[in-house]
Each structure stands twice: as structure tokens, then as C-alpha cells.
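Please read the structure below before turning to the comments.
The letters A, B, C, D and E name the chains in turn, as written, and every chain counts its residues from 1.
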Amino acid sequence: MNTEQPLVSINNVVKHFDISGGLLDQFSFKGGKLRREKTTVKAVNDVSLFVNKGETLSVVGESGCGKSTLARVIMGLYPPNSGQVLYEGQRIDNLSHNQWLPFRKKMQMIFQDPYASLNPRKTVRQTLEEPLRFHNPSMTSAEAADKIAEVMEQVGVDPVWITRYPHEFSGGQRQRISIARGLILDPQFIVADEPVSALDVSIQAQILNLLMELAQKRDLTYLFITHDLSVVNHISDRVAVLYLGTLCELASTHDLFYEPRHPYTRALFSAIPKVGEKRAKHIKLKGEVPTPVHLPTGCVFHGRCVYANERCVREVPALVKLSNGGFVACHGVEENRPMA
Amino acid sequence: MTHLLEVRDLEVKFALRSGDITAIDGVSFTLNQGERLGIVGESGAGKSVTGFSIINLISKPGFISKGSIHFEGKCISDYTGSQMRKIRGNRIAMIFQDPMMTLNPVFTIGFQMIETLQAHRNISKADARAIALEKLRKVQIPSPEERLDQYPHELSGGMRQRIIIAISLLADPAIIIADEPTTALDVTIQAEIMDLLQELCETENMALILITHDLGVVSQVTEKIAVMYAGKIIEFGPTDKVVHTPVHPYTIGLIGSIPGATVPGEELRQIPGMMPTLSNIPEGCAFNPRCELCEPICTQKTPELEEKQNGILAACHMK
Amino acid sequence: MKKLVLLALSLFLVISFTVSAGAKTLKVGLDADPVSLDPQVQLSGGMLQLSHWVFDPLVRWTQEMTFEPRLATKWERLDELTMRFTLRQGVKFHSGNTFTAKDVKWSFDRMRTSVDFKGLLDPFEGCTIVDDYTIDVKTKKPYALLLNMATYFFAMDSEFYTGTDANGQPKDAVLKIGESFALNNESGTGPFRATKRELGVVLEMERFTDYWDTKSPGNVTKIILTPIKENATRVAALLSGDVDFISPVPPQDFSRVDSDDKVKLVNISGGRIITFQMNQKRVEAFKDVRVRQAIVHAVNNTGIVQQIMKGTATVAAQQGPRGYAGYKESLTPRYDLAKAKMLMKEAGFEKGFEITMMAPNDRYVNDAKIAEAVAQMLGKINIKVHLKTMPKAQYWNEFDARAADMMMIGWHSDTEDSGNFSEFLMMCENKETGYGQYNSGYCNPKIDELTVAAQSETNLEKRAAMLQEIEQILYDDAAFVPLHWQNHSYGAKKNIQVKPIINVMNFPYFGDLVVE
Amino acid sequence: MASFIVLVIFLILAITAPWISPMNPYDSHNIDIMNSEIPPMWMEGGSPEFILGTDNMGRDMLSTMFYGLRTSIIIGIGAVSLQAFIGIVLGLSAGYMGGKTDAILMRIADIQFSFPYLMVAIFIGAVFQLLFGVGSYERLAIPLLTLIIGLSNWPMFARTIRASVMGEKNKEYVEAARVIGLPRFTIMFRHVLPNSLTSVMVIFTIQVASAIQSEAALSFLGLGMPVTRPSLGSLIRAGQEYIFSGSWWITIFPGLWLVVFVLVINLLGDWLRDVLNPKLYKG
Amino acid sequence: MFAFIIRRIIQAVVVMMVISLVGFSIKSKIGDPVRDLVGERVTPEERAQIADKMGLNDPFLIQYTRFVKQALKGDLGRSFIYNKPALEVIVRHAPATLELLIGTALIIIFVSLPLGIQSALQPRSLLSRFTMSFSTLGVSMPVFLTAILLIYLFAVNLQILPSYGRGETVDLFGNGYWKTGFLTHDGRMHLILPCLSLSSIMLPLFIRLIRSEMMEVLETEYIKYAWAKGLSPARIWMVHAFKNTLLPVITVFGVQMGITFAFTILTELVFQWQGMGFIFLEAVERSDISLLIAYLVVVAGVFVLVNTVVDIIYGFINPTIRIAGTR
């Protein structure tokens, strides 16, 4: 592990959503008895990871694995049920709205849907000016205008379009504006939640290039949320794989792509269609993805894992550090079970 | 030899208040029995419209303005509504993009399967049910009997897409048109569904038209690829050749944009700009504003689709 | 399903058959139906109408305001205090019991226990049975209106109403609230028996086969009475032939009903005076006789009668209508706007003032409209009127509280005598004697004196003079704003002989009604 | 578009009623009972002084209709503004804050919604009528009716706004605003509300139409405007009694007037709905 | 389900309590029922005695607790107008209103469904355009005006339909509680005009609702898929689209029937229909406070009940929602 203090680290974060509605909805008759039951979506379960300064950490997983929730917990949009979020060693998950403000300047977020992430009733100028003015009340409008022009230039949007509304832009352009908003406060750390999945391939490449370029120029640290593994391979230094709100594997990109350890990670990577390759036999998973409302016991993956045994059903595997510096949570790997 | 499906010079227009706009402009291709064709393109390229025009189901205000479609030797583009209905779901089946939206939420799976069969075959409910069960088994759905009485919302996305495939198989069609069948699904599920489709095509000797934006998916499943850009096919050829030695600058750019194909961390090859909207397609080659090789002729004359090298057809003046 | 259809069909047949069999069925639409079958539970026009259909009084009024013998065949004054009635023989109650003097006495005594009738019977000492068909009625003081009061003496079947009902309650109980035997059961001597009654929906009456008055030309065998509150609907029901007879006909529809070739309109002038009272306790200006005069002169009551009442009311300048003892020919309506303005000026109110006004909106014919018109008229002499109209249920409370400066009050003398008006409307308000109960704000001892004196004056001529003097004083004093006497109006199909059976009191005697 | 022009004409007529009406129907100096029920000028017995005839009190129909329209519009717009205000504040709070606030506010709305608004209006109306004395009623009638209709139908707005806010608040631009650190109220009113207002615009017109009808209905039941300051509803009510007598104009003219006016508003609402949000107003 | 019903019951009770409390608190302002009971001659003292007997002079809290206690036993007080238990009065008048609503619902269903579907399928046809413009006119017409005009036209001028009341009724159970007009020709004739005028408010709304829902459904993927399956147009429209159209329409139908119920007050007034609305107005006008409160309490209960039933029905028809309130 890096001896330096990580920029962002999260420890044992748990986030559950109560969706059981009002008090009365929680009652039900079961076996002739009145019971009170809460329905919770267990979105994130005991996840710990850290992001080093200057690196790009990707969080991958299939839909419903809790990756977006994790991003929002880090950004303070959802308070975690338990666990800690640390920024430069300082705990931020329990701060009040005002205490959070200094961190808002350092941490920003880029969203998935370029159509929904911009307020349709605000011009580019209003969108970009709002955070600037809010965090720097003393700033003059000339200073603000300069700053906005600079950032727009950087993300590749012509500053003459400053008075336009979002609907006048294409998806790629919007995503650039959205990135500009993220950058306008000169943050150190950016959470990018699927920033390219809504875009066409040719546009996707443009945005990925922009993000990589910006990271270099501005010395940014990314937490990159995506389900697209080819993007992950391209952009990230390290990768964390989530399954049903649980961290399965965390390793450097290279290690993970060439030597995935966790059975889920293996299946996932084998399923990526690659251009020009005839279908290689991918690893088939059995069963259905359980819902995060009714989590399986033990290892959450056991129901779909061909290597699972009785221990996997019973016992939650711990995250174990491997020789190559990666981490994996699997009894099978721990026990060195033969895996084809 | 007559082809199973032959699309010739197809043109589809949309009647808008401001005038007609052309969504598909002179698309031609053929498909043989058991053959798997991929139609690739970014959004707005006209690939879905091409798929829907084959069974004459373009949503309003679109209409086929020119060209012909021959299926099993008959010109089905002239068919009346009721004649066409005998083809749809029977000889040519379709799979839609989002399995969550494709099944009617208020009817059971069984209901929706049986009615499809009864629309095309004069059989009893019990027989139809038996066939439905058989097809469900064929798409490897666990406990198919139970599924018949379930409603769509009780099933996961992957399961629903399997059911839709089963519905497509009900009448043993000659062609399945799959419009982005896995876009809405997770990678692991996607791989399973694609496997299934490929397998079925092989065992049942069905032809497949796979419409997708994902070159990776297409290259694994299909034998031929048609790349579409702004309503036209700009490159057409055997899959291997198109993905490994593409001719058209757009195809080259497209393949270059895919992150997996470049060394990690390197800048991706990117195509500047974006696809034109249908209402203002540039003169000449529609790709010319984004093309590195653009010459004056490209802005004046529309290039024809012609054979370039080792069996690849491409529409480009430069190559 | 088939069974249901069959059932429906047979029901339909049965019903249509019974309807066609009763050829002389009269369908009546009134603004309200009687609240009870007990004639003594409430003193109101509607209940008295019912009493005349189901019961019989000792005597009843004729159209010419004379007395017609009913259960009493003869009457003679024995002395100043006593009147002897000879009763009709061979009269049967609906229950089959025979009518005798004891029923009269029983009914009289029961009436005394009724809150509503108690006041009316105040002057009476009681009844004494002489024999089965002779009875003496005694008053406390000499009483000029004894015979008038005998029109209220409806005979109830004493045997029928004696004992206890299913609930263990005495059958003769007079109950305002709650079930009583008499509420739903009747046994009178009248031409009709109540056969079916659903309050607010329908009251059905069938002709009593043993009715004593065999000379009556009446040929209606069945009456179906439905309340139709809404004026327009009531008229529509008549015009569309759904009912045969309606009352009242709203004035605005007189011409429509009259001009229709299937139905006709019948009017008779009534005795109810409509007035506004000016409250001198609330408004200083009203104490000035010139202001009151100005108001009376500003109100174009002739116009109201013409335009709002469509000519079917009689313009009034005094309390009692023509035919009443106190009626004075010389008192005529005096609308004169110029004079009104002049009077206001004289009184120093040229600029006018503001007052409040209240009127009911469901009590008298067109009451709210009349109030609105009067308010407008007063505006012309610069009296700004804030008018509020309301349902009578609220209005009477407001009236009791004398809540507005001018309040509308209509009065029908239940004794059909002029004195009655003054007793209730014009005598100084006195909580103990109950005089002036409906007087809001005028007080003149002279009127009190004259009115009380007239009560026990049995010399009819002298009495008339006294009553006329009262009217004159009130006229000169502009004690109230007289508007008009309401007419009673009836709409009926052409084949129904309405005219002979109606009277000033608005008691259509359906027993004598002839349907051609 | 034509409907919009007609609506503007109606509004102008209503605003300028005191100047363009042939006479002031509230001023008793102008009214003579002897002029009552004069038919429109083109009929026999009509007089050019009263173009559309007179009502049962002798008021000029045309003037009364102008003034009545004015009253109806004031009440309609006032009531709906009140509804909108309550609805927006509550709907926005409920939708954005969610949780207990939402549960409580929406339960109240549900309960009131489960009662037909007309009945609520009748009930509140009956209460108000009784609580205020005689002199003041005439003056208070307009604000009271505004209040009654406003109070009785706010859940419609609250629900629409809430639904719209619920849709908006999960959009990423709201999260973006939160990431910036903007205070909750700024986000609610500056970001979420403007984007939810389209739905309000659409139901606003429809609600105005229905408020005017409610007022007419209340007046028809005798719980609305007093006869001396008639709205269109009370005019129709007053005239309804005359429909069989031949003086049809007393009720038909204000009736047509009301129908045309409400029709125009509805058409405008339809147009707005088509333009702004075709999926709205499912009830 | 269980929670849902419990919640609805609690809701109903709360509503009833609030309503009755408000009713009671304004009781004295509503007017004096005694005035209606007695003749004009009766002295104030005697009236006071009657009021005393009726318990009208007791302090507010005593009256209210007495009311609640009685209400728990099912006694909502006594209507003085009808001189019967208020609840009984309402129950006896309920069928009239109910039949009015049934008739209206039938008209709405049988008219709006075909017209709405037709105008969704052929939005440009002449009939659709006519339907749509007519329905806009319909929403703009106040119900009382419609009613008056209908009477004028059909009853007075043409004289083909009766103008008021329920006509000949048949006692359904022989106990006088449910008198129906549906079983006699005369009764049915009497139903026509009130139902027509009542449906005139909701008909346009439903035609539009069905039209827009249907149009929306026709745009969905699953309808497109149904075409792709080769189903016949009739089956797609009448089976696939129809059922999905119906779902939102049913919920709205529930709410709107509630509003229609409120409008029965107007219709019953104009047609002198002896239903609940009629007695409500009567109660307001004549200050029959017991009847008024009983009416409001019953209506509150019925509404919650009806809404619950609608929600349950909805849950049965729509497989994706098992019961409203549980996610």
C-alpha cells in the first residue's frame, strides 16, 4: 500500500434505503401473527476502499450493484448508515451542511445523463456562474466571466455560446458543459458517474480523451464509476469490482484484466465482447441476480458461483490482500480452490 | 439463387410539417437463409428504421418512399396490412431493445405467447401452450410451466429477453430481426443472450439481422456487417474483414474510438464533430465534414457503394 | 336474468293497471308537503290544508268569507261568553267510529296541549258536552271572533287516538320531535284517507267511501301529492303534464301557464300582507316621521306588484285587506319619488344614510326579489341599503334579534281579522303579554290601547271603527312600509274545476273538487 | 390562437366594464323596476336603450353581464391564485423534502381530495356565510368566495406540483446543485420549482375555468354572490326562474356568456397542454 | 393489504371526527331548527323549552360527546325535518342518488369508451373532431344550465320525458329502504334527463382521458411489439391497448364519480330528485343540523370506502401493483 495518505478513503461504509413506507405499511400478517417488517434496499454493504492522489480508481459492476450509491455517499449526497468517509484524513460524512462547504470546492461530480444533468432553464453562463458566485461571494462579475471563459475553453466549448440554453447543444457538448461545471471550482477530486455511457461511441472517445487530458493538466484524482469494462481498462489505474453492494476485488487494472481472481470478476471479464474476436467461450453463471432487498447469506455471489461450497453460503468472505497488491474477497481464492 | 431477403434501393421518408426528410437513402442488401447480418451505426444512422421497414412497421410519420423488399421471392413491400400480418411474427420475427417495455405488463407470459401462435396457426389453446412450453425450454428458461402464468414484471430483464426470443421462435420464422437486443442488459446477461441467439440461428437455420451500435457484439455473432451513417450503408462486407481491415474512414474512426482496441492510457482515436441530423445532411458525402481525407469531390458528389478490396463494399471517393 | 325481466314486466303491468283504473286521480305538486298527519302538531298553512282534506272543522270559510256548516250544523250564541254548536249526525270517522260531541271536546282539549295552538285558544274557557250532538264553547271574556276560531276545531277520533301505541307511548301525545302515534296515523271525518306517506316524497290520499257529505260534487278518488320545492320545476311538471295541479305558481310564470292551451291559471287574492318594518331603536333617522314617510313614498309598491308579482298581488297601503273589518277605502298607495326626496331634504337627510336590510328568501312569494327591488328604490333617495336574504330557518333568528334596520315581515291573520295584524306586528313589543312579537321597532301606545279594546268589543260596527282608526294612525305615522297582499295562485289542467274550491285562506277544498 | 384573442377581449371587457357598460347596474339611481324584463332590442317591446334587454329588476342585461363577468373573473383568478400558492408551497415542500413532511401533507390533501371539492366548497361556504353579519356580507362576498374556492381545491395543485417535483428532484441537475453545496431552499425554489411550473401553467387555466364554474354552482345554490352584486352564476340562477315565462334572455344571455368564456379558457388550456406537456392531467 | 385497509379505516374515522367536530362547532350559527318546527304564534319561551328538550342549549362539549357516544352506537341523531333518525333518512334517500350515479356511470361508460377509443384511433376523422369540439363545449357548460335546458327541451317543449322526480318505483326488498326506478318504464324515463345532465360534466373529461391514454398506449413499445407479432388490429386495439388504457381510467373514474356525487346536489335540486343531495340542501336550508352532520359523516365514510374499493379493484386488474400503498 502507498505510504502516502490517500486523498479519499472510505471505511466500512454501509448504506441501506428504507422503502417500507409508512408505519402501517410495515405491518403484515404472517402465520396468523401481526408482524412489523421493514423493507430495505441494501445498496452498499461494508465497503472500504481508498483513492490515492493523482490516480484514477474505477468502480465497476452491473446495474444495481450499488456503485452509484457509493459515489453519492462519498459526495455527501446520502449519509451512510455506518462507516466513514475521509478526505485527506478528515472525516466528512458527519459534517453539517455548512461544514461541508469547503470540501465542496475540492470535490466535484460529473453525471451520467447529459440531458438531465443541466438545468434546462439556465443558460450556460448561469449554470457555471452559480457555483462560482456561491463559493466566492467576493468575486466580481468580470473575474467570474474570465474564469468561465477559461474553463469553457479547456473543455472545448466555444465561450461565445455562453448565453445558450442546454437544449441548444448536442449530447457531447452538454457533457462538456457538465464537466466545465465540475471544474469551475478547481477541485482536486472528481467523482465521475458513468460520464460516457449515454454517448455514442465516437463522442464517447472525445469525452474520454478530454477527461484524461484534464487529469494531466490539472492533476486531478478521479473516482470513475462505470459498467463499461473496456472504458475501465483504458482510463483507470486501479479497479474496484462491486457485486450486490459488496466489494469483490480491488486491483490494478493490469492485474485485473490479465489475472482476475474472484469468480465474479472472471465471469465479468470473459463476457466483454471484443471487436474482431470471434466469440470465445465466456464463463457462464448460474441462476439469477438476487435483489438487494433480499441479500443472500454468506458470500453474496454464492448463488451464481460454480465454485461455491457450504462455507460460501454460511460465511461472509473477508477482503484479503494478495501478493500482487490487490485485494479479493473470496473463500475459494483464500483456500486456493482449483478454478478453471 | 434467390436470396431469402433482398432489400433494394430502400428509401424511407418522414413526413414532417416542414416537409419530408429522408431517414434512409438508397439502402440495399441481401440476406440468405441462415445468414447473420449485423447493421451497425451510431444513433440516428437509420439502422432501426431499416429493421422496421422490412416488416413495414415504421412509426408514423415515416413511410417507404422508394425501393423494394423481396422476401422468399415475393415483393413484400407492396403487401397490404393483412398480408403483411401473415409475415410478421410468423416468417419474420422481431426482438426489441428494451425487454422491460416490450411485453404488455397486464397480460401473463402465457397469454402473450398463446395469442401469437393463435394469430398464425389454427390451433387449440392447449396445443399452443405446449408449443410455448417447448420454446421456453429451448431458450433455457428454468421452470417454464411457472413462467407461463407469471406477469412480465415478476421476471428479470434477462429472463424477459429470453421470453421475447421464445416468442420470436414460436412460429419458426425464417428471419429474426433483433434491434439492439442487449443494450439494456448487463454484460454477463448480454453474453448469455448473444450466445443463445447465435446458437438458435445455427440449430434452427434461421437468418438473423442484428441491429446494434456495439461493434464488439456484432463482430462476435455475425457473418456480414453493414455500417450505416446518416441513412446510408457506407460499408458492407464480411465481418472479419470489416473489423480488421475497414475501408471507410468512418468505420476506421469508429473502430479506433473503442477504448478496448487502444493501448490503455493512450489517447483514443477520435472522430471530430458529430453525426449530422437528418434535416441537414451535407452535400456530397455525408461524412465529409468529419473526414480527415476530405477532398473537394467529397463535398460535391455522393459516393456510391462499390467493391473496394477483398470483398468489402464501401462508399468513399478516396479509397 | 329472464326471471328478473319477467318480474319487471309483471310489476310494470300491475302498476300501469292500477294507475289506469283510478281514473280520477289528482296529481298535486305543492311547494311542500304536510310535515305530519297530526293536525294539531303545527299551526301552518300546509298543515291546515291537510286538515281540510283529512279532517273536518266545525265550520269553514267560504269564498265570500262567510261561514259554512261542516261538522256543526247550527250554532247560536247563548250569552256573551258562550256559543252552542249543534253537531252533524251520522258522521263516520275513517276508523269506522261514529263522530259525537265527545270527539269535539277531546280534540279541543288536546289542541290546548299543543304549543302551536295554545296561543290561539287563549281566549277560551273550554267546552262542555251537552249531549252527543250538542256542545257549548265558552270564552273567558266576550270574544268577537269565536266563530272564526271554530274553523280551527277539527274533530279527531277520540277513540282511535286513545290508548298506547306499540312503543308504549300514549296515542294522543302531541310531539314536535320524535315518533308519535298521530304522526303517522290518522282518523278524521274528512273526504280523504291518507293511505301512504313518505315525508318529502309523496303523500297519497284516497277518497273516504263513508264520507258524510254525499252532496259534495267532488269526484276525485285519489290524490297523489308530491312536494316540488323548485319553482321552475314545479311549473315544468305542470306544463309537461306530470302533475295535474300545482300551487303556488311563481308570478313570473303566470303568463306562461295562462297562455298554455292545456292548463290554466287560477288566482284568488289572499290576506297575507307583505311589509317592511323600520327599526327606530337601531336607526335614529327612523324616529323622524318624515324619513319614514319618505321611505314609504320612495317604495313603488305598485311597480313591484306589476313587475315582480306580475299583477297578481293587491297593492297595499294598510294591514288588512278588503273585506276585513278594519279595511279603510281611503288609504291608497302613495308612491311619489319627488315627494320622497323632498321629505328627506326636509328631514335633513338629503345626502341620505346607510342601513341594513334583511329578508327571507324562501318564505313569501318572491320575497328576496321584492327586498332587492325595495333596496334599489331606497337607493334613489340616497339611502344605501346593505341587503341580506337568507332561508327562513336563519331569518327568524335574525328577526328575533332584530338584527337589521329594516326587516321584511309578512302576516296572515289566522283569525281572518284586522286586529290580529296589530297584535303581532304593530303593538309595542311586550315579552310578558306576547304582544308585538313580530314588531321590530315601532311603538305607539295609542295603537296598543285601541287594539286591546277592539278584542273584546262585540259590537261589530264599533269594533270596525276602532280597527279603521288604527289603520289610519299607522298610515299617517308611516309606521311600516306596506307592499301588497299576496295572491294565492293555482295552476291546473283545463278539466279541473279549481275555481269553486279555493278561498282567501289558501285551503283548496279538494273534497269538493270536480274533475271533468 | 383565436381563443386567446377572445380571452383577451373578455378580459378587457371585464376590466373596463365600468367605462364601457351602458349603465352601472349597481347604482340604484339607474334602475327602475318598471323597466324590468324588457326583451332585447330586436324583439317586440325591446328598447334601444337596453340592447340585450333587462333583467327582473330592470337592470340592463349587457351591463350586468359585463359586471358579472368581472366578478366571475376576479373570483376565478383570485381563487386559483390562492390554490396555486397553497398548492405550490405545500406540493413543493412535500415533493422535495419527502418523508414525514410528504406523508403528512399528502394525507391531508388525500382526505380533502376524497371529498368532492364542490361539497367542501358548499360546506365552507355555508360556514362562512353564517359567521359573518349582514352588512358585511355583500362587501366580503368576493374575498370569501375566493377563499372558499381557493381552499376547497388546492390539493389538485399540490398533487400536480408534487408529482412534477418528485420527477425533477431526482434529476442529476438537482444533485449537481447539491454537490455545489447550494442551500436547500435555493435548490427548491431556484432549480426545482422553475422546472415544475409547466404543469402549473397548464392546470392553472383549467382550474380557472373550473373555479368560475364552481362559483357559478355555489351562486346557483344560493351560497355565492348576493343578488345585488351578481356574478354570472347568480345571474343565471336568478334568471333560471324566468325560462318558462318567456323572458329567456335573463338566463340565456349570461348562460351563453359564461359558456363562451369558460370554453375559451378551456381551449386555451388545451392548447397549452398540447404545447407544454401532453402527458399531463391524468387526474 | 391489511395495512392498507387499516389505514383507510383510520383515515375514515379521522375524517368523520373532524367533519362532525366542525359541524358541531358551527351548529349554533346554522340556524334555529325550532323555528321550523313551530308556528309563528309560538312564544319565545315555549321555543326555548323545546330547544331545551332537544338538548340544543347544552354546552358544546357535552353535546359533542353525546353525539360521539351515540354515533358509536350507530345513532347519528335525529332529523327534525323528517322526524326520523338522521341515519335512516340518509339510508332511505341513498338509493335514489345511487341510481342516479349508476345511470350516469352507465351513460359515461357506454358513450365515452367507444367515442374515446374511436377518436384515439382516428384522431383526424370528422367524428373525432366533432367529438372533441363537442366535449370542450360540454366541460364549459355548467351542469345546472344543462339540466334546465334539457327540461325545457324534452319535458316542456317536446313533452317526451318527465321533468322531475323519480316516477314509479318498485320496492326492491319489500322493506321500503330500496326503491328502484330501474324496474319500471316510468322510472327509467325519469332517470334519463337527470342522468344525462349529470353525465354531461364527466363525459367530455372521460372521452378526452380515454383518448389521450389510448393514444399514449398506442405509442408504447409493447403495442409496437404486438404489431410485430402479427396480431390483428382488432386484437391489438381491443385487447392489448384497451386494457392498458383502462387502468388509469379506472382510478380517475373513482375520483370523478366522487365529484359527480357532489354534482348530484345540483341535479337533484333542479330535478327535485329525492336523493341525498336534495336532503343535504334541505338540511342546510332548514338548519337540520343532525341531518347535516350525519350526511357529512356518512359521505366521508362512503368516500373513503369507495376510494378503497376502487384501489382494490385497480390492484386486481393491474398485476404490477398488488395493492396501492405497498411498494
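In this text, contacts are C-beta pairs under 8 Å (C-beta built on N, C-alpha and C of every residue); 3 or more make two chains touch, one makes a residue touch a chain.
These numbers were taken from a predicted model, which means no experiment stands behind them.
Note on connectivity: the fewest steps through touching chains from subunit B to subunit D is 2. Contact with both subunit B and subunit C is made by E.
Contact count check for D-E and B-E (C-beta pairs in contact): higher for D-E. Compared with subunit B, the chain whose C-alpha mean position is the greatest distance off is C.
In terms of Cα centroid distance from the overall Cα mean, chain E ranks first.
Greatest centre-to-centre distance from subunit A is found for C, with centres as Cα means.
Taking each chain's centre as the mean of its C-alpha atoms, subunit A lies 32 Å from subunit B. With centres set at the average Cα position, the gap from subunit C to subunit E is 38 Å. Per-chain Cα centroids separate subunit A from subunit D by 51 Å. For the pair subunit A and subunit C, the distance between mean C-alpha positions equals 88 Å.
Of all residues in subunit A, those that touch two or more other chains are 22. None of the residues of subunit B touches two or more other chains.
In subunit E, the positions touching at least two other chains are 30-31, 148, 152, 156, 269, 284.
Listing the residues of subunit B that touch subunit A in their complex gives 42-43, 156, 158-159, 186-188, 190-192, 194-195, 198, 213-217, 219-221, 240, 243-244, 253-262, 264-265, 267-272, 274-275.
Here subunit A touches subunit B in the complex through residues 62-63, 170, 172, 200-206, 208-209, 212-213, 227-231, 233-235, 253-254, 267-268, 270-279, 282, 284-285, 288-289, going by the rule given at the top.
Against subunit C, in their complex, subunit D makes its touches with residues 27-29, 31-34, 36-37, 56-58, 130, 133-135, 137-138, 222, 226-228, 240-247.
By the touch criterion stated above, subunit E contacts subunit D in their complex at residues 11, 14-15, 22, 26, 29-31, 136-137, 139-145, 148, 152, 156, 209, 212-213, 216, 248, 251-252, 255-256, 258-263, 265-266, 269, 281, 284, 296, 299-300, 303-304, 307.
Of all residues in subunit E, only 220-233, 235, 239-240, 243-244, 247, 317-320 touch subunit B in the complex they form.
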